[in-house]
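Lettered A, B, C and D in written order, each chain numbered from 1.
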Amino acid sequence: MNLAEKYLSIRKHAEQLCEPLQIEDYVVQPVIDVSPPKWHLGHTTWFFETFILIPYSTSYQVFNEDYNYVFNSYYETVGNRVIRTDRGNLSRPSVNEVYQYRHYVDDAMVFFLSSEISSEVLDLVILGFNHEQQHQELLLTDIKFILGNNPLFPIYDVNKKESLSPIINSNMLTISEGVYEIGYDGNDFCFDNELNRHKVYLNEFEISSTLVSNQEYLDFVSDGGYQNFNFWHAEGWDWVNTNKIKAPMYWHLIEGKWMNYTLQGLKEINLNEPVTHVSYYEAYAFASWKGMRLPTEFEWEIAAQNFNWGERWEWTESAYLPYPGFSKAAGAIGEYNGKFMVNQKVLRGSSIATPTEHSRITYRNFFHSHLRWQYTGIRLAK
Amino acid sequence: MNLAEKYLSIRKHAEQLCEPLQIEDYVVQPVIDVSPPKWHLGHTTWFFETFILIPYSTSYQVFNEDYNYVFNSYYETVGNRVIRTDRGNLSRPSVNEVYQYRHYVDDAMVFFLSSEISSEVLDLVILGFNHEQQHQELLLTDIKFILGNNPLFPIYDVNKKESLSPIINSNMLTISEGVYEIGYDGNDFCFDNELNRHKVYLNEFEISSTLVSNQEYLDFVSDGGYQNFNFWHAEGWDWVNTNKIKAPMYWHLIEGKWMNYTLQGLKEINLNEPVTHVSYYEAYAFASWKGMRLPTEFEWEIAAQNFNWGERWEWTESAYLPYPGFSKAAGAIGEYNGKFMVNQKVLRGSSIATPTEHSRITYRNFFHSHLRWQYTGIRLAK
Amino acid sequence: MNLAEKYLSIRKHAEQLCEPLQIEDYVVQPVIDVSPPKWHLGHTTWFFETFILIPYSTSYQVFNEDYNYVFNSYYETVGNRVIRTDRGNLSRPSVNEVYQYRHYVDDAMVFFLSSEISSEVLDLVILGFNHEQQHQELLLTDIKFILGNNPLFPIYDVNKKESLSPIINSNMLTISEGVYEIGYDGNDFCFDNELNRHKVYLNEFEISSTLVSNQEYLDFVSDGGYQNFNFWHAEGWDWVNTNKIKAPMYWHLIEGKWMNYTLQGLKEINLNEPVTHVSYYEAYAFASWKGMRLPTEFEWEIAAQNFNWGERWEWTESAYLPYPGFSKAAGAIGEYNGKFMVNQKVLRGSSIATPTEHSRITYRNFFHSHLRWQYTGIRLAK
Amino acid sequence: MNLAEKYLSIRKHAEQLCEPLQIEDYVVQPVIDVSPPKWHLGHTTWFFETFILIPYSTSYQVFNEDYNYVFNSYYETVGNRVIRTDRGNLSRPSVNEVYQYRHYVDDAMVFFLSSEISSEVLDLVILGFNHEQQHQELLLTDIKFILGNNPLFPIYDVNKKESLSPIINSNMLTISEGVYEIGYDGNDFCFDNELNRHKVYLNEFEISSTLVSNQEYLDFVSDGGYQNFNFWHAEGWDWVNTNKIKAPMYWHLIEGKWMNYTLQGLKEINLNEPVTHVSYYEAYAFASWKGMRLPTEFEWEIAAQNFNWGERWEWTESAYLPYPGFSKAAGAIGEYNGKFMVNQKVLRGSSIATPTEHSRITYRNFFHSHLRWQYTGIRLAK
């Protein structure tokens, strides 16, 4: 594939994810962390328009000046943003207009990519690809949230699976003590937060070859795990009580039976699937209950060569912090990662919502401790 | 018109109001007091289904059992309600499904109304008509809010006027002291809160023959009315400062010029139109600034035979309280008015959003003091 | 008593109310509506200093310039106020310093009152007396709140009674229809909100000769009154559920027995005493449960010549609104009453916390519907 | 000193810190993070009573059963706690009663410590000493907050200095790359969070020999540091704007001059003193502005052998996380540290509020990123 083909292939995936939607599903924002699907479609388009077409494509005409106000997310450098809570209040631009915007920018990008571009611009294009893919992950989980919190429990796609293979034959892998190298050092794309490959010292540790299953997590629930403060961080315990949390997001106890809202609709819990939609607080509490712990992100990166991963984002014990020598880029692109490096936890791996080619062993995702609308999961260590 | 024709005529008006909308406009709820248009369409339909078809139409099959959960508003008697803040989170049922629901119920109602009905049921049908008309008023003002708070300021209808005639020849009418009769005593429909015609004693008072104009209100703004606590109630002053209120809702100071969002889009302020979208706090402060006051609802009802009204809901000084001998009906219908009789102000008249035939001189509308998304206005007294 | 003696007599009462206190009790502010006792002592002193001594006593030296910042309550005209929520954060000035301030101002006032004063100043002095007495009412109820919400339930005074005589021989008085005169027209002091004696038309009504007793209210509690939305205003019902209200303030169900915190400590409920510490919402719901209603303030004023009152502030159905012809005075004194005339309910009578001579049949007290830390009570009408 | 003498010596220090206070100062809680001084005095006493006297001193009689309810802080194991926001509402027990309680427990402890005690109990006693000392640090900073947020700016002690020596001759120290050992391995007391001495790999880094001075921080303020989002974390920037932060806590721009509230009262800023009362967000933003960064806690522990520390708690870049092999103790003592290991930052060193002997190079303190009422400071690295 040449660059323009690659561009179209990536862009097309977002629209495919939206195919099962009604127009109404594109519009709502049930909670602050979930964005309306049409916003994702517009925002990723705005990214290519703002950072590539406007500065580098001389013939480009802006589609609509007001869209900067609507589709900017958090780039303080670029102009006033619409505060995030407002996204669900905006009925316009319509879904149809967003698609027109999208295709207008796509045409301009394909034209632009057919000419010679500098390596500086190529880097921005590749960043745009990865940015688009990150939003595709959010797009699917935001759609699931919108449908899954509707009292009618609409089905997204009867054929869409959320897990690939049942959990069997779990065992503990042992990694020996020593100095290891962490971080990306290849020649392909990576985010700035993965850079500066550097040494860390690891003590000997054990780590599970598999994720925690629904069966194991159900045992924790049944054993009163949500009622015993001993397993929880103080702020996790407050979170449980304030929000009356009793199980993973999307689990519903209906007439005595645990049901699970999935992209295929409301189903009985599949006990052999990896548990998902748990917060860091829950992952930690589950590990405490087991007498174990979560791995650090460094332990994970070293051990992951020896087990399968890719269905669930895996919570680690590590806080999201800069690697030694990290420095953020100048300008709006520099706002990408560095300014979030406080009070978040690192997740490693990838999930069934992750687009193909958008994962690698050094990838560092991060979320606040209480969030659980992503396909998060748990892997134990000790 | 027979009853079925009357039914269809009233029901059709709601759909006409929605004709200029995109599907997306039906879905959002920007603030708690504004409901999504599709919710209004569904809720008024649910009212006929729940209070007429289910109890009285023997052959009727409920359209969808789950809709009671979605479209009930505040009738505690009938079942769990969706809390109001959640209405804007519901992408389903879709707009198309709501229209299907609407037409299904319309067919059943027309069939039902073609047979003999008791006077008890007739009363419920007439109440349903008036309930629908009340929601049509809200429907138009909610649509205005949804469009008017969008940064793209979309036009609703280039031909839709919000005022009928310019304000000219204002003068003060004098009403003499004495015992007057207040409340409805005709034979047509009225709400329970208008009943029990009774005597009140009024002192002599003067009242303006016209509403306050944009020009007069602009003078108040220009004179620093929003910066001087002396004109305001203590809680009005807090409201101004907490919400940084500087002018009526929909007024925007753009490049030194006062603009006004209207159903025809963003326009320069029309100085001869009656001011609208002011809260009770603002109406009171304006009157204080003028050295005058607002009329009571009793003064208004007596005086209104002598002036034109019908473009703006007019704030009165009166609190919304029961008339002597008021008692609420049994069951869900009894929840209609009585339970709101605390901490709200009475408005009299009607507005350009009021459906034809849905106004009379004894009609009592009521809103909280800070609300201003209705076509509220000011008439002075002293 | 001459004026200086009268001054000292009134001022002394506040200090007598504080005699049972520990220094610590003077300082705290458990909720926003309750002020620390030392604040009351300082604020009433500041009132005499600011409105009488500074403008009219030529030789007067201000005690401490910073106290205006600390003891101003809500008089926007006079300077920046300490926002009310902050009062309980101020450990200084100390209680001892507040008493020094108080006695310094008392000395200056006695000196000032020994000379000739104009009738204008006399009016301000009398207003100061009444202001002090209003705060004495609050002082006692605020003290009760501070002690009564402490888990140690400290006793204020083992001899302090909260009711004078048991409720017996209740009957309904009938008042006939007609035009009546309302408002103050004597020559002594009254507040501006009582002025402008004017005519109102009353329908025939019945009103109880006694207050509702604890026994009657306990029947309402036992009958599930707090669990049935039918008796409540919509916002009263929200208040009950949000705050988990199950009984009057200070009632505690301890080991199956209803106990009542009183100024004499925690006691079993005295069934023959008038119920107290109920909100307007509760008064209304109780009346609905009885199939009756609360009187309006006009009905109360006419009927009160025929029954005993003075133990409880009695909730009325009336909203707090200006009488015909009401106009507020210029300057800070004008802020006294008028600016609160929205979204509050009128209470009539007086309570066991009311200082002698500080009550009359035309007195209009007012509080928000949810408040109940005053000695509020219920009288039924129909 | 024998153990009883040591006990009394430590306990006496808390009372010495309170000597300059008025009784009123013991009572208030201006913000949730600051506890009333009398609560600290009671809580540390309750610790000795609950964890030592009650389980191990056979003859001990509890002073007052209700005090467990009042003075428990957050030990879920031991009983219902008073939620933290309520502490400032409790006027009782009085200060005098708290001192009685304190001396009653002191007598019992001295008696108990005069007998033979097991090593298990000795460990608890030593933990009680350290717990008391931690609260003495909070006691002084809470007192400063209570006085420093009073509009009268009362002086705590005209002789109490907040810094020991002026900042001069700053230079950068270089530490070379390699594997280092971190954590406590001595035989004296340390907290569980310092245990498990373990290896970490450090890259070469430079670290300043001195703290950042007021002069340097003033340069940051003057250069618009609080107005430029580029220097801040996203949530730091929100914190700045939401709270309108413009300078360190206790700095006041008065008539164009920067003043500083200190324990000696309001003073001009001393430019050669180390800056203090800054949040982590501010420390990070300052370092960004300098083109540098904060050290990690591991870098700090290794480098601190080469510079002076002890005046300010120093923010590090490290999140508060368990060391390899950390496990929390069983029972209430186990709640001491582990449950706070999420979303907090590590501070290293100690401050002028730290009691003698209560500091060591491996000590790990921790606070939330926005807090700044401690004597926090900044040391730069790169």
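Operating definition for what follows: a residue touches a chain if its C-beta (ideal position, glycine included) is under 8 Å from a C-beta of that chain, and two chains touch if they have at least 3 such contacts.
This is a predicted model, so every value here is computed, not measured.
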**OP:** Any chance you could name the chains that touch chain A and chain D both?
**Re:** none
**OP:** Name the chain whose C-alpha centroid is farthest from the C-alpha centroid of chain A.
**Re:** C
Subject >> Gap in Å, rounded to a whole number, between the CA centres of chain D and chain C >> reply: 44
Original post:
Cα centroid separation between chain B and chain D, in whole Å?
Top reply: 57
Original post:
Which chain A residues touch at least two other chains?
Top reply: none
**OP:** Any two chains that touch count here, so list every such pair.
**Re:** A-B, A-D, B-C, C-D
Original post:
Okay, in this complex, where on chain B does chain A touch?
Top reply: 22-30, 38, 66, 69-70, 82, 88-95, 146-147, 149-152, 154
Subject >> chain D to chain A touching residues, read off their complex >> reply: 74, 76, 179, 198-201, 203, 205, 229, 232-237, 280-281, 284, 293, 317-319, 321-322, 324-325, 339-343, 345, 369
